[in-house]
Amino acid sequence: MQVNENKEFEPLIVAFCCNWCSYAGADLSGTNRLNYPTNVKIIRVPCSCRVNPMFILRAFQRGADGVILCGCHPGDCHYTSGNYFTRRRMTLLFSMLDFLGIERDRTRVEWVSAAEGAKFAATMNEFTEAVKKLGPNRRLEDLRCRKQ
Amino acid sequence: MLKISLDKLDELFEAISASQTLYIPADREDGSAEYRKYESGMKLSSALNTVRSAKDFFFPQTENLVDFKMEGKNIEVIDIRKESEDFVIFGVRACDARSFTILDKVFLAEPVDSYYKTRREHGTVVTMACTRPSETCFCGVFGIDATAPEGDAACWSDGESIFFEAHNDKGQKFIDSISSLLEEGDTAKLEETREKTRAILKKLPLAGLSTESFGGDRMMEHFNSEKWGELSESCLGCGTCTFVCPTCQCYDIKDFNTGHGIKRFRCWDSCMYSDFTKMAHGNPRLTQLERFRQRFMHKLVYFPANNNGEFGCVGCGRCLSKCPISMNIVKVMKALEVK
Amino acid sequence: MQEAMINRAKQLLADGTVNRVIGWKRGEFVYDVTPAIFETAEELDAEFVYDDFTAANVSKYLVKESRKEGKILAFLKPCDTYSFNQLTKEHRVVRDNVYIIGIPGGPKLDAEKIKAKGITGILGAKNDNGTLVIDTLYGEEKMPYYEALSTKCESCKSKKHVVYDELIGEDGDVLESNRFDMVEKLENMSAQERYDFWREQLSKCIRCNACRNVCPACTCEKCVFDNPDSGVENKAPADSFEENMFHIIRAFHVAGRCTDCGECSRVCPQNIPLHLLNRKFIKDINSLYGNYQAGEDTTSRAPLNDYKTDDCEASIVHERGVE
Amino acid sequence: MQRIGVFVCHCGTNIAATVDVKTVAETLGHEPGVVISQDYQYMCSESGQNLVKNAIKEHNLTGIVICSCSPRMHENTFRKAAAAAGLNPYLVEIANIREQCSWIHKDIATATDKAIILGKAAVAKVHLNAPLTAGESPVAKRALVIGGGIAGIQTALDIAEAGFDVDIVEKQPTIGGKMAQIDKTFPTLDCAACILTPKMVEASQNEHITIHSFSEVTDVKGFVGNFTVTIKKKARYVDETKCTGCGLCTEKCPMKKVPNEFNMGLDNRTAVYIPFAQAVPKVATIDPNYCMMLKNGKCGVCSKVCSVGAIDYKQQDRFIEQKYGAIVVATGFNPIKLDKYDEFAYNQCPDVVTSLELERLMNAAGPNGGTLLRPSDKTHPHKIVFVQCVGSRCDDSKGKPYCSKICCMYTAKHAMLIREKYPDTEVYVFYIDVRTPGKNFDEFYRRAVEQYNVHYIKGMVGKVTPRSDGKIDVQASDLLANEQLHIDADMVVLAAAIEPDKTARPLATMLTTQMDTNDFFTEAHPKLRPVESATAGIFLSGACQGPKDIPETVAQASAAAAKAIGLLVKNSITCNPCVAHSNELMCNGCSSCEKVCPYGAITYEDKEFRMPDRTTAIRRVASVNPAVCQGCGACTVACPSGAMDLNGFSNSQIMAEVDAICK
């Protein structure tokens, strides 16, 4: 979590992007100069199915306020089936987080193709706003990691 | 003997907690009890004892020791110890009270553990004599009298009132601090209750248990006993016995990287764990048998060997009721007993 | 029942079908039975017990035992057979080295439940049609039998043995159980209520690992939480996050593999209803990907190792009613 | 101790305009392990790369971080540069501060902060990078083509043309497949045999091509570059090497009442037979289900008449094992069975035929020597009704959800041919849509309508009822005129949907390739890798991948060949080093990883281990074949113990990035 001059809450968003579609999509929104907030920090993974639930919890522990996972559209996975597994894994994980009372809107899966630069930017703007509304992540943070 | 009527208990707690933090055994929704920081209206648990022992107060499960701050490539050491405040633990049972003297032998012996020491100094232990011991109790086996608990101050209930007695200055200070609420009382009924309890204690299924066969002089004999295999075969290697045990005192020290610094903390460890005392060369006890043996050898042989005969067990019976597979020190003692 | 089991075990030992028997051993008290391995008829006669308190699921021991010399006889309750099947499916046990006798489950009692009633000094307990009569140091106590049932038996999912070499007694059927009721109750709470509920529960965790070490699905050679290289290893929950982390990841790792045997909750010294986490996953899997009972067979594909191209999107979680 | 170099690129003003590159370089210079941090105008330029190379040598760096454009742009450039300077190329990490920072942000302060964080993440990651070396595995210079239809033949010819040995495995006694049964081809109306048979002969004569006819693939082991395949050569009771194909045996064989599958059972053949005149190989085959000699030891005529003594009643199935570098699947298609379609009376009335049967009826080499006669009474039909989409594009379980693609065109062809040859015959075509995309296709269809006056009626045939007078009552609806029609036809031709050959599914299992729900092979990527399967070294040719007409099939066949050749020309394949690997000491052998691997890269073996408790135990552990693994990482998450990890994107590396970003 970062707090800027006018002390407005600025959420920290971690975005896992698959190398073939979403990361390329993110590059495209760059190439097209489509803005989205600096709150979003992207981590490149070969495929969305590489993202272990532990990574997501880790992000929240360390102070992320929202985590979004982007991959190729179902059917377009570079590895044919990776994102199908991602979809099941994340559905169950998110459902469990929800079950534990952690705000739903802190997590999201979005399918962004390499051509959807606009969608990537839009998604990130929207997601950042949603998380901003929720305020800082307090339910799944590790107090020891909070910045003094 | 000074007493207070049971229905004035709330006033008593209010009074104590007014001057310092008070912890009492309170009931949980599931019927079990745990120590809680007293807040108005909180009731004293009727349960015999708490699931977790009282050792947490002096030897918490996790404890931050020191911090390191990292600026780029520089590291600075930060002492995070705060001036700790006085507190009272009320209603400690005889077994747990004895466990403190055992922990003292470990932590107050040179080199003194300053963290433990400060807590010990600031804490006042007010014990409460047992009236309804359970089948799992065997404190008597280790020379503990459940009807005459140790501690800085002790108290007894006769069903109507609670009677107080100081065992040392700290205890006396405590009683003085609440003397306004206390009155002289007749202990006749109390004696009755204690008699009843003593009678029960004699009848306890484990009363007959003997420590004869144990102690330092039988070290190799027990160490090499072929019984360990059978005893440990069903052990899951979990840490339940260790963590509910009032006398287990092993811990591990770890560094946690918070991203903007390092927190060095210690936390309970269990000799039942596969990575217990793991060193550069690896792990000294590779099989569950060895780990299992270590725990009981420590309590029944090594500890007395190093502490002139004092055993590392107080017979609180927690491991008896909590072990997932019901293997426990009593079964071990019976199996290893030398006829 | 116990007699029949002992006799059959003796025969199988005698005719050399097996050289060991895994079952339960009489304890100090009426309730503290211990899983144990018996090698002789004498041992069986002396110590083998099967009664209201033999709740422990012995299937996990077979991971090690089935790799030893010779065949071992295992008495498995219906719920235990699911665990065993799942272990077979994951190549964790050697099926051929185990001779399985399916035995009727019958509800098991939990001494903790009796003690929770404030009954101490338990010396004996018997079921007097519907009433549990407990002999204690302080005289006789009575309580409804069903109130002493082990949590896992309160909502039994099946009395059917999914794997066995022979049966003692009748085989039962899969039951209509109410096991998801509590999960549903929680789902219908507000996020805040759910959060408070789980904080209250998980803050009790002392990280003794009993739940993990007893779990027949947790048979990893090296658990991530014991492995310093995993980045998540820790020995004590130093922060509420680590309490959550441990139980979320543990539940996730057994998702689609957990047979809902209920051992985790049975052994938790702090009485945390851990089975609810596993049941949440089971409930979700059933409703989102079609009914699936882990351990029911040894061939089907685990839900998380499988997919359909038209599976629901993760957003389904966000679309749910109560927030 | 790590010695890391950080290099921040201005990219002219692309980055420098919105990111304070000096501050970025300065700040990252203070990160643990960083020994040098520089910024430069154009890091990717010759001089920029030299700057990096020199720094690597000068400070003998253990890893470098380039803060620049997207790794998708220049990762390789800098990896090469690192390699040139003697640093393992996989010790390079890129922080994307252009596409994902300077180009999307306006405020210099925040953009710079973000750039620093991205840089820190990259530094944190590179700390954990391990030097990787791409493995190599040899390539067997031989290809296997499964299926000897036009697809298989074309692929085989192209591969052979490139000078590689190639084997064709065909389950029928002859190659040629469906095309051999077809009379004429659209849109040119030239005779199928005239263009196919020369190719068949060419294949049989090509020194590089071996044809295993009447054979099947029974087992496939190995992976890209070295598959080991077992081929079953079914006993044909005739010695291929001796038989001259003179055909005397087939004339003399007393058993003449065997339904002739080549003519769709519209006439009979003998028990010993050669499917058709131009069969390749032109060798007789004895049908054990009908041969007297094989059934009850009486007869033996064929062996008596065979001058070369080729007949061998004792012949057994033979199995041969062969190594291949590449495998091309060309198992083709079949028309679906129409038993379920009682409404079209296919089973009741001999004059209701499928289009493929019509092909044979009209074929000069067919049962009627080319004159179109009704199967029932061998009379000349005057009214023929064609029914489209029988089993295609239907949502019920009877048929297929997809469009069979070829029907519209071949029906137009049939209609045209009939009108051409028998102008007195009226032709009706009932269709849902007429789909004629493709070069000269729509013109072709329009000719049928406009020049040949074929009656195209939009609407579906409801019921076909054979009448006692030999006519067939066709009840249909005309959707455009919106009226019910009754046509008393002499023949009805059903455009049956086509489906993949039944042998495809078991084959897919052997090849660990994927199939869709209709049993068509799934291509590695619908747009980018349409002729490759997801499994490396296995390529797709023809209708086994989806409905295709001949031109498309041949095109794809050559494309698949090109892909196979591209593989075969290599002496060895360098594998992507960023692949999964399992830590055997932690592996549970539970098979989760194997289940989620799309490439079948994970296998299990029982190994003996010295366990922590000093005992030795046999344990089942996973091992990843680096030549097959593509590095998606699905297995790493399926693995509960974390025994499976991914080079270049390890658990610890990704978590280090997370930590750095969340600091």
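For clarity, chains are labelled A, B, C and D in written order, and residue numbers in each chain start from 1.
The rule is simple: a residue touches a chain if its C-beta (ideal position, glycine included) is under 8 Å from a C-beta of that chain, and two chains touch if they have at least 3 such contacts.
This structure is a prediction, so every number in the text was calculated from the model and none was measured.
When the interfaces A-B and A-D are ranked by how many C-beta pairs touch across them, A-D comes first. Centroid to centroid, with C-alpha atoms defining each point, chain A and chain B lie 46 Å apart. The centroid of the Cα atoms in chain A and the matching centroid in chain C are 36 Å apart.
Centroids built from CA atoms put chain C at 30 Å from chain B.
Under the contact definition stated at the top, the residues of chain A that touch 2 or more other chains are 53-54, 58, 62-63, 75, 81, 85, 89, 142, 144-145. Annotation for chain B: residues 256, 259-260, 274 touch two or more other chains.
Of all residues in chain C, those that touch two or more other chains are 224, 231, 238, 304-306. Viewed as a contact network, the protein chains are fully connected, with every chain touching every other.
Those residues of chain B that touch chain A in the complex are listed here as 256, 258-260, 263. Listing the residues of chain A that touch chain C in their complex gives 53-54, 57-58, 60-61, 74-75, 81, 84-85, 87-105, 108-109, 139-144.
Taken in their complex, chain B has these residues touching chain C: 28, 30-32, 34, 46-48, 51-52, 61-62, 132-136, 200, 203-206, 230, 233-234, 236-240, 242-244, 252, 254, 256, 265, 267-270, 273-275, 320-322, 324-328, 330-331.
Chain contact summary for the complex, chain C toward chain B: residues 27-29, 31-37, 56, 61, 111-112, 115-118, 120-123, 136-138, 204, 206-210, 212-214, 226, 228, 234-238, 263, 266-267, 269-271. Of all the residues in chain C, the ones that touch chain D in their complex are 67, 90-92, 219-224, 227, 229-231, 253-254, 301-302, 304-306.
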